[in-house]
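Down below are the structures I want you to see.
Look at the two complexes coming up: chain A is in both, with chain B in one and chain C in the other.
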Partner chain A sequence: MTFEYVEPEDLDEASAALGADEDAVALAGGTAFTLLLRQGLIRPGRVVGLRRLAELRGISAHKGGLRIGALATHREIEMSPHVRALQPALAAAFAAIATIRIRNQATIGGNLAHADPSQDPPPILVALGATIEIAGPAGARRSVPVESFFIDYLSTVLSPGELILGVTVPPAAPKDRAVYHKFLPRSADDYATVSVAASVRLEADGRIAGCRIALGGAGPTPVRARRVEAAVIGRVPTAELIRDAADLVRDEIDPIDDARGSVRYKREMAAVWVRRALTELVA
Partner chain B sequence: MALTTRVIRLTVNGHAYERTIRNDRLLVDLLRDDLDLVGTKVGCEIGVCGLCAVLVNGVVLSACLLPAVALDGSTIETVEGLAGPDGQLSPVQRAFIRHGALQCGICTPGQVVTATALLRERPDATADEIRDWMMGSLCRCTGYEGIFDAIASLAADGQAR
Partner chain C sequence: MKLQHRFAVPASRDRVWATFKDLPVVAACVPGVDELVRLDADRYSGRFGAGVGPIHLSLEGEVGLEILDDAAGRALLRANGTDRRLGGGVRALVTLSVDPGEAGGTDVVIDSDVQVLGRIGELGQPIMKRKADEIMRAFASRLAERLA
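Now for the complex of A and B:
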């Protein structure tokens, strides 16, 4: 099933090309696009190649935080000196994605637009409080927190004619710490049975001032574990507090039975990996 | 009437090509069927196995995941381009032979292309870097030791370049 292919030179042209045709699809790195096309899960009438859009490229330090263009590849994020210096947990999460070939091809914008809840970037970006910049028709711009961007499996808040410009990650305070863990019982390049990203801000007196936890493979979208967060914020972390808080995640997630585990098993593993992540961050 | 074909230009192993392709043509099929470069193999067709690894503008990618229409103007290197003009095998190819890093051979083009990309970027690659780069280049014959040793031997003495 072939399609019309266009390569716009600027954002307004790209937005118009995406908005004019109900079954238009944007092409960034092309990993998800090609798999969906071959499986017949998308039948685009028009494909809009984004590669000529310079505004979508580059990774820069931005007021102590990061601005990552939508076309930045996973490998570019993994290797970026800015990302490594300012958000090492983000660099580590991207370094652990699939294989070098996928990291060389897949882009952060394409990953987010694809909205696969088992993939790695969304949980760590939610834990770091990142925001997605969106370009729309006639120069329209809006920002959406990553955690509010996904509405269902493979489904986002993007409207026809909108595309992702980039992602901004807010500055981390000196004592902020973050980590991403994925539970991979099968192979290192597999999707996780469940994955957990967590960030913690510690007060000088040892209390947890802030905490954000997000899980992958745990529902139709990435899931934020707000009840776990609420149970630890304002408290001095002890092994018992963390264990009891982590257990709350069992009922916060909505996983499915599949080859990577049963629902019950995934709820148990989510609690185990939330506990390990928090324990590591407050150590 | 929407146009569903395009003329694209590629440089493959130093030769310039211009072809009219359907917009849904994948690079791996273009290489093998249109350009007769069958050294690049087809395996899983979902980007997992590494058989179809090629270099696009110097970057190792899975040719089975790449719509060729989006590569207009790119420079491609395949296993056929690694040997010198006189047929002399590349250092990586010779190391694979020296270390018995192949058996049936179907994964070998992808392994050799991936290792070449690694050693260009990291001429003194560490053991961890070798494992990270080669993970996802699946071999079902050798058990990987020979492949690792072949690459490590070049990384150690800097002759990869």
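Now for the complex of A and C:
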């Protein structure tokens, strides 16, 4: 198998290289690309290496928010002092991905563009209200909330000629809390049977002012559990409220039967892990 | 992989059945089918393309009518396709049945027995089943539009 390999020096050149060939594939860390290539499922005509693009690098903090370049590796995010200080749940979620060899190689931009609904970064980024910055042809720029970025299994809103510049995470209020749990009944480096990310903002009087919940492994894209959120927002959390709200997630998700569990089992486990996540956040 | 899809079409059984007997018309309702060429009375060659994200499937092959039972409203189709680029193929036996449904409409049942060969199989059954469901939903709505 042969393909053309190019390494653009700037974003416009990268966009042109990606837009000109229907079978062009962008290459960041290459962890997903290599698997698809070795499985024989993709035959790219052109591979566009992104590693020379300086705009895609770095992790910075601004007024409590984070900007994470598309080429930041999972390990860089896990270890970043900015991420650890401002969004510890995000650092913890990245620290729990796969194995250290993969975390040293895989990038946040590559992960999002690959759009495998079993992966860990999307749910926690959705729970934190993160946004994806996209660069397009002729200097075009647009932003898309992470929850609107995925349209189907391995499919995103990215058009030919577009690539991910980076991810911005809005500032958290002092009492905001977030957590990411993945249910791994097989092995620690497996994809989760289901995973749950949740963030909660508590009022001084104990009521839940805001809540965002997102699940991985629960459908063709990451799934936001809006019915569960609506059932707890504005309420004072009790064990009963949380249990009843968490049960709503069973019908909000659309998992598949596979080696990690049946549809019915995944619905049950989603309810269990949403309950655990919320219970932990309001404790 | 055995699949079953059921849907209702707001047209009489006879009209739906007449449409099903006309393979080019049926093919036109399946998203991704093109270059249909008639080989003989009951056989056509053609191409079928479908994709999952960056993975593009392009099957070239034949589809033929094996059994046509007008009285019962049953048809058996056999389709074979090969993807030269990815390496692999698909063989399918498809049974179409039509029965009178509610409010003058027609209930359609499509049973497919699909064998996936080679690399395409790497996608896994759950993903292929989802894709088949998506194609079948589009087929049902295009068919309903055509008969409206």
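Everything that follows uses one rule, which is that the second predicted complex is superposed on the first by the 283 of 283 C-alpha atoms of A that agree within 3 Å, B and C clash if a C-alpha of one lies under 4 Å from a C-alpha of the other, contacts with A are read in each partner's own complex, and residues count from 1 in each chain.
As a working rule, contacts are C-beta pairs under 8 Å (C-beta built on N, C-alpha and C of every residue); 3 or more make two chains touch, one makes a residue touch a chain.
Because the structure is predicted, anything quoted here is derived from the model rather than measured.
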Do chain B and chain C fit side by side on chain A in the superposed arrangement, or is it a clash?
fit
Where the C-alpha centre of chain A sits as vertex, the angle toward chain B and chain C in the overlay (nearest 10 degrees):
100
Which of chain B and chain C A:Ile256 touches, first, second, both or neither:
second
In the superposed model, does chain B or chain C contact more residues of chain A?
B
Under the stated touch criterion, which partner chain does A:Ala115 make contact with: chain B (first), chain C (second), both, or neither?
second
Thinking of the overlay built on chain A, is A:Phe3 touched by chain B (first), by chain C (second), by both, or by neither?
first
If you stack the two complexes on chain A, which partner ends up touching A:Val25: first (chain B), second (chain C), both, or neither?
second
Minimum Cα separation, chain C to chain B, after superposition on A (Å):
14
What is the shared patch of chain A, the residues that chain B and chain C both contact?
none
Residue numbers on chain B that touch chain A, as the complex places them
2-6, 22-24, 26, 45-48, 50, 53, 59-62, 64-67, 69-70, 114, 132-133, 135-136
For the chain C and chain A complex, residues of the former touching the latter:
52-56, 85-87, 119, 122-124, 126-127, 129-130
Which part of chain A faces chain C closely enough to touch in the complex?
23, 25, 36, 39-44, 115, 152-156, 220, 256-258
Could you list, by residue number, the parts of chain A that touch chain B in their complex?
1-5, 7, 27, 30-31, 33-35, 37-38, 45-47, 49, 51, 98-102, 104-105, 188-189
